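A, B, C and D label the chains in the order they appear, each numbered from 1.
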Amino acid sequence: MDDALFPKGVKRCPLPEFLMKLGPVVALLIWGVVAMLMCWIKGLNQTNMNDAYGFAAWIWADLTVIALGGGAFFTGFLRYLIGKEKLKNIINFAVLIGFICYSSALLILAIDIGQPLRGWFIFWHANVHSMLTEVAFCLTCYFGVLTIEYLPLVLENRQIDRVPFFHNLTHHMHEVMPLFAATGAFLSFFHQGSLGGVAGVLFGRPFAFREGLFIWPWTFFLFTWSAAAYGPCFTIMLAKITEKVTGKRLIKDDVYDLLAKIAGWMMATYIVAKIIDTWYWATVTAPARGMTFMQFYSNNPLYGIWILILEIVIGGVIPAAILLTRKGRNTPFALMTAVVLGVIGVCVNRWVMVLQTLAVPVLPFEGWPMYYPSWQEVATTLLPVAYGIILVAFSYRYLPVFPQEAELNPIVSEPAAPPAPAPDTDAEPADAELSPAQA
Amino acid sequence: MKMDRRSFLSFLIGGAAGTTLSPLPWKLTDDLAIWSQNWPWTPVPAGGEVTFVETTCMLCPGGCGVTVRKVGDRAVKIEGTPGHPVNDGGICILGLSGLQLLYGPTRVPAPLRRAGGRGENHWEKISWDDALALVVEKLAALRENRLSHTLACISGTDGGTVGRLMERFLTAYGSPNFIRTPSMRDAYEMTLHLMQGVQASAGFDVENADFILSFGSGILEGWGSPVRMFRAHSAWKEKGVKVVQIEPRLSNTAAKSDKWLPVNPGTEAVLALGLAHVILKESLHRKEFVDFYASGLDRWKNEVISKWTPEQVEAVTGIDKSTTVALARSFARADHPLALCGRGKGSTPGSIGEFMAVHALNALVGNINRKGGVWAVPGPDYIRWPEVEMDATAAAGMQQPRIDGAGTEKYIFARHLLHRVPEMVTAADPSLVQALFILEANPYYTLSDSALLKKAWDKIPFIVSFSSFMDETAQNADLILPNHMYLERYEDVSYAEGFNKPYIGLAKPVIHPQFSTMHAGDVILRLAKALGDPVQKAFPWEDYEGCLDDTFGDALETLRETGYRVEADFAPGSGYPVFETASGRFEFIPEEIRDAGMQAMVQPQGEEPAFPLILIPFDSQRLANGYIGDPPFVIKTVPDTVLKGDALFVEVHPETAKAIGLSEGRAALLATPKGQARVRVHLFEGIMPGLVGIPTGLGHQAYDGYLAGKGVNANALMGPVEDGASGLNAAWGIRAKLSRV
Amino acid sequence: MKHEQAKKYGMVIDLDKCTGCGACMVACMAENNVPFKEDETNKLDSITWMRVYQLTNGKPFPDTDICYLPRPCMHCEGDHGHSPCVSVCPATATDYSMDTGIVSQIYTRCFGCRYCMAACPYHARYFNWWDPVWPNGMEKYLNPNVSPRMRGVVEKCSFCYHRYQLAKDRAFMEGRRELEEEEYQTACTQACPAGAIVFGDLNNKTHRVHQIVQPDPAHAGRPKNPKAFRLLERLGTNPKVYYLSSREWVRRSGDHYLPHEGPGGGH
Amino acid sequence: MSTNDDKAKADALTDTGKQPEQDKPEKGNGASGSILFFFLVGLIASLLVGWVVFPELLYSKKKQPIDFNHALHVDMVDEGCESCHFFREDGSFSGVPELAQCIECHEEAQTDHPEEIKFVTQYVEKYREVPWLVYSRQPNCVFFSHAAHVRLAEMDCVTCHGPIGESTHSRIYEENRITGLSRDIWGRNIAGIKRNSWDRMKMDDCAECHAEAATKTASEGEAPIEGFFNNIIRIAFPGSLSGRKSSVQTQNEACFVCHK
């Protein structure tokens, strides 16, 4: 039915089946949209946030998706600036995930503010001292970059690509892509860091406050580093899931191996830094304010110190150890376990930096307030997930997201499938990715 | 020239460039920014000239001077009047919220006649003429049938012109049943009458006292004139005046005191007698007073010495005997020691024996009518209206015994016994009350034993409320004749609770009446006029303001200017006064009531096994529990350990709770012999084990959504306990059971 | 405005005198057009610029003790005006004034990101979760000197800044620039029936706040009065609200201390 | 095609790829002529819309309830503007007079001028406040102290309000349909350009004057040359050199000075 739109040399399921399978996801999307509209129309009283939890599930989701979307900038950085050419086979997917993550973050931010129609004041009346201003600017700019990075992929759709103008545009865009990758990496470094700074500068919140390096608290660097470490994990995880769902191999193992190895090193170094940070905070920063380490964990009625163990050991040390061994990376189950644990680790880290920061009572006579999200918050947080699945599904169906798909899944019935682009030989990678029909 | 794709594109680009170069996007952005900052539904208060009107607060008997800030013709804020003799610039939480009552949704907008069943809250607006005609018709019929004495009035005010007009109306009409709402004032007045032979209110020279011994008085909970007490308390802190608080629960007063003595509930009087024991035994009393100005000491001393040794006191009160001895000594050795009683805000009178025991302590240290002591403050003297000329009907009506029995042989000293009315009404058939007026009172809420009250209520055929607000009583009346609220009317305030000097405050209309209301004084005058002679003859005034003019004469002008009049150099007798008792001396054991002094303790209702705990109500400055209910601002300040959602928390000691299997916040069933209620439990280390503390002032069914339906009315779980000697309601608690649900 | 001495308005609250009556809370609400809802028992969603906390010493009956602590906005000076909340606001909706030492909040500028609330350790900032609604007729008592807020913005105590402005206007009419101590007082100070709140210029040696607190300029305004303390002194927020208490356990409740430290320890 | 393509490629190498620039060189002169024509059509049309149509649509025109003659009144009173727009003792400014003030002179019509007859019959006799439309009305978030400006800084009314005292008729009140405020706030000039100090009443205008005043204060005793350079710096980097930096965030005057 829509065969003409498919990328060359790949097979897709019939459209009705495709749409039917997306049905539940669309339902989720609608649920999210309803909740979003309720929040906009009726106000933030629709949430379970309160004066103690001014930041809650949404800000956590924001920080998390941006950390997880970090795979885009870091893979781009590795490919375009470090020259890990092999990664071009996963870069499209990484960019797609990044695009989804960042657009989601912006959407959630737009829901999260009390006067959405004044949201643009953050640009118009920007206070340059605020970490949030830095976040807003870099986030918006980097979203622009991601759009530019994602656009060529859209233009590579078989039908669009037929228009010479778009074809040429794609071509030129590929040529300048390293520039954008560099810009993206630069912006990402800052906004990932600023997001870390959001909590780290709060000197009224001893749980989050970190001493500074230059003008930034340590969390600034920890966040950037952790995004670089865990973002690729998320990319790998989603790629693996996509493979499971489609029942096809889409990316060669050596690509996974390379990305996983780099992620492993990043994670290992990050977790060492994080442990040092925690230790310094627990023994120097907090006691200087009269607080003991266990004070931050003991009066929580639910999880206590376990959240720290979950974050650092289970979500950090273990996956790093797995990813650093060749055997770990090459065993599908171990690899999957490692990336899933990694993703959990970074989610927990962002949770702690947002919610525990606010929940730990600072006034000695206050208690630990509890919070659980309202259904509206859950629905709006799942909204990006639904939207992401839909965008991945459509992109996969109509765009050449996985350059190695045709090669890995030759279509038997169709004779003389066009040869897959040669992976490593071409000096000008942008050309190699263009449809060979032009050649 | 063909408009192709490229041309169209360039058209668009040209358009974009032109738009950018025009003011449109920039101006639009700016306007939208302004628009998005000023939503039309956010009110913009109008400006105007700022003026200040000084008046007197009437939300409690405190008699504070308040200054209302007006902007244009709106009242925007109530503040304390600096330099006012009672509150000198301070103001309490309720007084501050007066404008929410003025402008609030609880106001009765016009005369209302009941349209549905009683309490169903269906009303029909009627004109003032029709409303008054209704009352007149009813009253005329009663009078015709020689049933004038079956008209009763429950009033929250009695000393000022409005209270006196109402009382006068009843007299001229032929009914003795003018009943003032109960408070510790009843007990104090009786105490002064019995021990000192005077008709006076008790005033306390708290500013000059240097040792405060409080038997459960909520000095910081609203006892007396609250702001004055707060100010005195701060002065005590500055001067290092010692405060000892005696009560079983750590109230704010107890927490702020220098020493908190958690006494077994209801045994405060015994402790007072125990202290007297020590003082007398060690001859620490002030002989120059006791020897020359008191009588009956020997007999009283014998009883006290024999009955209330510190050991015996310890057994009853739980207060360590050495503490009693030490306390008695430091009390007696202070220069100006002052003993106070009346529990909490003093909204329940209490046992006369207890009041006399405490007052005797003051007498032992000679602190009667003296600096830093208890002063007998005579009632207002400015109302000198001619005697009512009664016709035969009126005279016959006035000969009838009062419905509450006050003044009858059994209750010879009592003036008002409102708590007896429900019982009396239910007992007789037909009801002894055929028509009931309610003025500045909310008995439907404040009277205890709600079940009996409702029965009595149903038997009264005609109930008229004068309330400005849709309170419980108004809601359950047949007719509401809404009074102007206190910021809209003139009225003299003849009394400031606990103030030690004769005082008159004047409430003034700060703004025009907001609704179709009428001054209760004018309503009385118009009713009298409509009833014709002889009732009419008793009211020779055109309107209420005319009456006020006539009453005060030239003094009214100065009163209007200053807002109050106080006898600044009032001295209740220079040195020691001559008492007006038969002996001319202070009576330690008044003849008339010989045994009362020793029957100080009142047992709570209920039996032990069924009700193992004791429920004690406790007051808070943040919970108004009288005629006025909490306005929205005040209810907002109530902590979430008292009220959460609509659930009320009762205070229980952790051990007591543990024994029942209750933990913090758990729901429980609180049962007393008078009723039961679902509550939640707040564990509090500051309450004596075995007790359940219930906050008063909640559980309203009327008013607005900000107050109605929240919590439990403590009065509904309590019952009156009649003090054998005086007839006053002396209930301080009730036996109770708390169980898990 | 030449040669005008910079003010540093601050407050000292005597916890020995404070009775916990709540008049300050209501005076503030009435003065500043603070809205109210039918159910205000969820204290995490209840706007009270001034909030009175109840502190307990945690001891069993009958040694239990309680103390009330009114908490307005602390108007932290932080380090040279970098109070915790001010620097984080992305839209410059809140601001520290070096002239008065007052932390402002401009409701129309605020778009409700709530970052300042996350930054404030005192929970002195409140978010308008609901559209403020005054029951019909009640909007008549609203004060024109304070603009009512809308849903979705943060609000907090302003030390009744509008009273400062009005006092200045009056002074200007008399040809004066400087205000007398009593000319500018906050609504809570004025209302407190116990006289527990004293307000004035901490820089001015003739003002009572200065005399009571004796702020030590060498140590970021730490009080020299041994009875005085500030909340969370050790965080470096440099608040301008001081408390007085003669009770050791109350003073110790104002901050965190390691087990071996006494109050004021760690310095 | 391929040559064009190459050319396009070459062109685009210098550019990151905007459509029109890329497409323009492809056609001959006639085509580019038509492109230019349409570009100009779009440009001119949108300029017309932006400069002429937009302001017409943005403002609704309202007449004052009474056509008021300021000049006439100013002539008849002793104390100029302050005769009617006076300060109260507490320093507050009365603003537009209330009816009670007018009645002091206009209890009865003093002339047979139709506007005065209208005023007396419709407002004075019914004791109804005149719903004047206030040209200088600011949104509720603005705090403005007349006392500070008029009494302390001794500014003239004209500085902000212009020569309204010389007017013989009430101007048409143009109300911004979006903000509900008068056109006078943004200024008559839709581009926001002002010639006189009273042409606009926006926050920037307050700030401008305040910065000037601050500069004056700061530069008293400053060498003139310094003042000159400071002015340049000030224009290039607004706010960087203002005399008083009471606000920590903005390095300007604190927000609460003008906001409530």
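Note that in this section contacts are C-beta pairs under 8 Å (C-beta built on N, C-alpha and C of every residue); 3 or more make two chains touch, one makes a residue touch a chain.
Worth saying up front: this structure is predicted, and the values here are computed from it rather than measured.
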If a chain touches chain A and chain D alike, it appears here: B, C
Closest chain to global C-alpha mean, per-chain Cα centroids: C
Pair joined by more contacting C-beta pairs (C-D or B-C): B-C
Computed distance of Cα centres, chain D from chain C, in Å: 36
Distance from chain C to chain B - Cα centre to Cα centre, in angstrom: 33
Centroid distance [mean C-alpha coordinates] between chain C and chain A, Å: 41
Chain A and chain B: spacing of chain centres that average the CA atoms, whole Å: 64
Residues of chain C whose C-beta touches two or more other chains: 42, 46, 54, 87, 89, 92-93, 108-109, 131, 147-148, 150
Sites on chain D at which at least two other chains make contact: 19, 23, 90, 92, 139-141, 249
Per-residue multi-chain contacts in chain A, two or more chains: 115, 118, 121, 127, 129
Residue ranges of chain D touching chain C (in the complex, touch as defined): 87, 89-92, 139-141, 143, 145, 147-148, 151-152, 217, 220, 244-250, 254-257, 259-260
Residues of chain B that touch chain C when the two form their complex: 37-39, 41-48, 71, 74-80, 87, 89-93, 96-97, 99-100, 102-105, 220, 226-227, 230-231, 233-234, 237, 250, 252, 255-256, 260, 262, 514, 621-622, 632-641, 643-645, 653, 685-689, 704-706
Chain B-touching residues of chain A, taken from the complex the two chains share: 115, 117-118, 121, 124
Footprint of chain C on chain A - complex, ascending: 43-45, 49-55, 112-116, 118-119, 121-122, 125-127, 129-133, 136, 198-199, 201-206, 287-292, 295, 357-358, 362-366, 369
For the chain C and chain B complex, residues of the former touching the latter: 14, 16-17, 19-23, 25-27, 29-31, 33, 36, 38-43, 46, 48, 52, 54, 56, 58-62, 64-68, 108-109, 131-132, 134-144, 147-150, 187, 190-196
